[in-house]
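Here the chain labels run A, B, C and D in written order, and each chain numbers its own residues starting at 1.
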Amino acid sequence: MNSFGRNFRVSLFGESHGTNVGVTIDGVPAGLPICADDFTGDIARRKTGAKGTSPRVEMNIPNIISGVFNDHANGDPITIIFSNTGMNSKSYDSVKDIPRPSHADFVAAKKFRGFEDYRGGGHFSGRITIGLVVAGVIAKKIIAPIEVKAEILEVGGSANINEAIDNALRERDSIGGIVQCVAKVMPIGLGEPFFDSVESVLGHLLFSIPAIKGVEFGEGFRCARMKGSEHNDCYVSSAGRTATNHAGGVIGGISNGNDLVFRVAVKPTASIAREQNTMNFKTNQMDTLSIVGAHDTCIALRIPVIAEAVTAIGLADLLMEEKTHE
Amino acid sequence: MNSFGRNFRVSLFGESHGTNVGVTIDGVPAGLPICADDFTGDIARRKTGAKGTSPRVEMNIPNIISGVFNDHANGDPITIIFSNTGMNSKSYDSVKDIPRPSHADFVAAKKFRGFEDYRGGGHFSGRITIGLVVAGVIAKKIIAPIEVKAEILEVGGSANINEAIDNALRERDSIGGIVQCVAKVMPIGLGEPFFDSVESVLGHLLFSIPAIKGVEFGEGFRCARMKGSEHNDCYVSSAGRTATNHAGGVIGGISNGNDLVFRVAVKPTASIAREQNTMNFKTNQMDTLSIVGAHDTCIALRIPVIAEAVTAIGLADLLMEEKTHE
Amino acid sequence: MNSFGRNFRVSLFGESHGTNVGVTIDGVPAGLPICADDFTGDIARRKTGAKGTSPRVEMNIPNIISGVFNDHANGDPITIIFSNTGMNSKSYDSVKDIPRPSHADFVAAKKFRGFEDYRGGGHFSGRITIGLVVAGVIAKKIIAPIEVKAEILEVGGSANINEAIDNALRERDSIGGIVQCVAKVMPIGLGEPFFDSVESVLGHLLFSIPAIKGVEFGEGFRCARMKGSEHNDCYVSSAGRTATNHAGGVIGGISNGNDLVFRVAVKPTASIAREQNTMNFKTNQMDTLSIVGAHDTCIALRIPVIAEAVTAIGLADLLMEEKTHE
Amino acid sequence: MNSFGRNFRVSLFGESHGTNVGVTIDGVPAGLPICADDFTGDIARRKTGAKGTSPRVEMNIPNIISGVFNDHANGDPITIIFSNTGMNSKSYDSVKDIPRPSHADFVAAKKFRGFEDYRGGGHFSGRITIGLVVAGVIAKKIIAPIEVKAEILEVGGSANINEAIDNALRERDSIGGIVQCVAKVMPIGLGEPFFDSVESVLGHLLFSIPAIKGVEFGEGFRCARMKGSEHNDCYVSSAGRTATNHAGGVIGGISNGNDLVFRVAVKPTASIAREQNTMNFKTNQMDTLSIVGAHDTCIALRIPVIAEAVTAIGLADLLMEEKTHE
């Protein structure tokens, strides 16, 4: 299932080294202003090239091939594609023999019986997330005045990002990080019982982002060590404002109007230049592997804009769902 | 949406103080042996009455009203209902005026415009999870030989459960906890790109369980402080076994055949006997609230069997999905 | 899939000779007035006992077990069950050996590998449609002021219903019929491109009713013999009223505000007392079969209220979908 | 909803006068051989240019941008796009003022509040069906050895197609027709209770094809005038073969192994050169309209390959569904 959403529906397609990657967004209300320039900012935030990110040069010009007419959504599905450029497919010839540790090479080969596009991670590549970013741009327009903003809290266990990246580069290693996302101006009542709680919908989307291994709302894992008298958020206004926001804005799976707050754990990039000892599936012997080429030292750096995007996608879907009850 | 699953489809209905709660499970293969006794063990594990759990006496006799014929699934939807007994609805008369902090009272009233069944949490009650447990029993039969087993890691920050509960009871407070779940004998290849990764599907289900505020796979949040060279799981057998299992058995969203491992954070029960300062929505003034009645001191104690259930439900759905590709 | 609908979601369960049949309706807006009496009229229209219908005595008292609180929808799924009574399961012992021609006995046994509930048609029984009728009652409230009204056009090729039934009873045979349904006060704009045209959604639902073998909108099959100049509906008001309504109120799959008009073909009841020559699957020889027991001579007589119900269900779903675009 | 299918999922996008139209097909098993040449035959059968069809010259070269690797499905979504060429958008400037009778112009303007792409029918254009045809080519591979074959039964009420077209051309009018489709080598057991009967799934898809106003299975509307003793299909082999096939191969919504047979009614093309009297929405007065440009005299001629495609799509989806029960 490369699709998500019941009302605001996002479908992703494409492979890292194919001709294009893209996204179809169905359910966008006719009349929403959309033009190519709208995507520039968030695409730039996701892009490669900065310190700690992949040096792969991506051509990220959105080609809107349907659903927009005279700079407005026309009610039809919006399909946007991006050309792939700057790939070096040759460097992936060996992954069939020595699947890269903690990459999808091995599971993809098993699941798709050897027919998978193994070049650059194929459909498992982070490249595919560009479709999420453009869908997020549209979703942000729909959920206004809700404002979604994500930022890096720490990388490699440190809040000094620059230093942590430098250390990792020097060690030819990679590092993980934690990203926090906050949505302000939240309405009360988003989220559906039982299975489509705000946490369920956003958790589903967040865990679909490559490299995310943990999601927590409000106090998250810290709540397990708190007492009810510490953790409870008491009401201080009849509009539902609470004195504290340990719940991260979600109670019973439903938004309560306070800020929505969550954090995600981003694992260290699996591709590292350091030598690793791993199985050679051709010789059936242990072997060594050093991964060369264009990789992110810290993929967490590129996650905030994607986390914002899926948050906006999820909230747009829930907002539209809420309208069906009116 | 009170339903989950594309192939193994679970729908929940009922309210805490209504006549019944129940579940419909659609998609169960005809011929699967099912009888009322199958449910006894897991229902007992979820039940109230033990130290630290609610003293509410629940009559938990499953009434199978469709889908089972001669002790086998017959291919039709399986509906199982449970009578509600032992409720004291009167004690909830005040929640419309003073919504309980960190309970769904306030958001339910807003979302459902005052028409919600506010007695005992209504449809937001943990009572509803009994349907998950029986669906889980059936799902476990489908996913065999996969074995799913969850256990309490800690409550109130301590691994000494007994002592922590005693302390909380003495303080008339509540405590949270952490539950770990492991699935063994996992096949390779479960999970669907892009949006239906194993983490996405299980995260979705786990976050639908009341009181869960965090979900992490493998190392989870710890991965954010690890280096790639530490976190990567190198292959040591051509069957895909890895020397370590930091990923918790999921790579690229797909199961890799190693043990599936995750943890959830369970918040402290919102209902506490201690006095809380909170808004009285009738007088529009701050007021005090002491919650009396039957409550769990540590709801985390009842989560393992529910966590197992949703894990089995999610894996059953993915297993059936995988069959469509054959 | 025993469920239908994206916004107004109907799930059916139960078997003809089980303890109960029922329905769960999810997505009903909180606050909609609902009480048991609301169902009386439409349930009576569906019931057995009149000339030409089955003499089986059904106890059709709706037992609302969730989703309604103080005579209003409370925002939770509404589950309504009906006890089964008056069954004679013994008379079905032979259907495993001699599957009844044009009944589901044979296909059910194959599909469900011998585990199907074969008594009285099991889940394939018309009994199951009582859930549609009660869902339809709720849907009609939601789509108001749209009015849906279905009626018999002909049975056994004749508009003289009484005479046609008498003839069939005398011949110990069964007869088919045609039902027409009209929805008035239609809004403009229901239906979704591409796959969820009004005709697609209603066709889907109508073809799920047992015994329906044809569905046509507006002129239907007659349009195939018309010229464009005859069939086109020219506009005569800027509100979209057309001089003719050959299209039956649907253009491009979207409602155009004129009356929605369709007809369904209902096959003659498969159960007939007359002797039939058919295979005995036990002896693997041709055999004879005379079906005794409680059967409808003309099932078409009971279809109008069911056709109305599914029409209301489909329109409610599309109306709620339309709200997501606002 | 521009998507259909639970297992074999087809999503359409694009507008008649946009840069491209296309389709995404998700759920295709990895390893299925697919190359561009596979599509040539069915695309040619759909194409314009023959007598009675539109003279618009379409460039119908499939551009496979994802999901196929080394001439095999790779397990990812398959996206195929087609460039639009040969459009004359200018000729549609007037449809905002004088919506064409029995075209979607009026309903699209209402539904999408004036933001619709009105050029050449936009997303309502038959142009969009090229995506169905290529999805159908892939579906046919999946359902093999099932063979689906559709043909024209009559146009303009006559089986003499050539003569009927000549007459219509001379009269500057259009004509409708009837298409019959037969699927041979059918397995027993396709179709899901209650809502996903074979008739429901195919009816849903067939009614999504522009211009289809009626669908009937087996005897279809003729069954309404038959007696049970005439209409019943008695078994003559223990494999389920029946002496007659009045049911068209579907009993209780489930395929019974006999040939699947259905017919669809195709309305006469709405675009006619003859003058029509209709409302001018700008002047709010009755006006006259003569439609010039490239139109099909008998759109029914182009329907068989599309009917085959949606039949294959629906059967592929049901076949894959059936596998989940194994």
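General observations
Here is the rule we use: a contact is a pair of C-beta atoms (placed from the backbone, for glycine too) under 8 Å apart; a residue touches a chain by one contact, two chains touch by 3 or more.
Predicted, not measured: the structure shown is a model, and the values here were computed from it.
Remark: among chain pairs A-B and A-D, A-B carries the greater number of C-beta contacts.
Chain centres here are Cα averages; for subunit A and subunit C they lie 44 Å apart. Chain centres here are Cα means. That of subunit A falls 25 Å from that of subunit B.
Note: centroid distance subunit A to subunit D, computed from Cα atoms, is 37 Å. Multi-chain contact residues of subunit D (touching two or more other chains) are listed as 1-3, 6, 12, 30, 75-76, 108, 111, 123, 193, 321. Chain contacts here are complete: no pair of chains fails to touch.
Of all residues in subunit C, only 1-4, 6, 12, 99, 101-104, 106-108, 110-111, 121, 123-124, 128, 154-157, 168, 171, 173-178, 188-189, 192-197, 199-201, 203-208, 210, 212-238, 240, 242, 246-248, 251-256, 265-272, 274, 276-279, 281, 284, 286, 300, 321-322 touch subunit D in the complex they form. Those residues of subunit D that touch subunit A in the shared complex are 1-3, 9, 11-15, 18-22, 24, 26, 30-31, 65-67, 69-70, 72-79, 81, 108, 111-117, 122-123. Of all residues in subunit B, only 6-7, 27, 29-30, 75-76, 193, 320-321, 323-326 touch subunit D in the complex they form.
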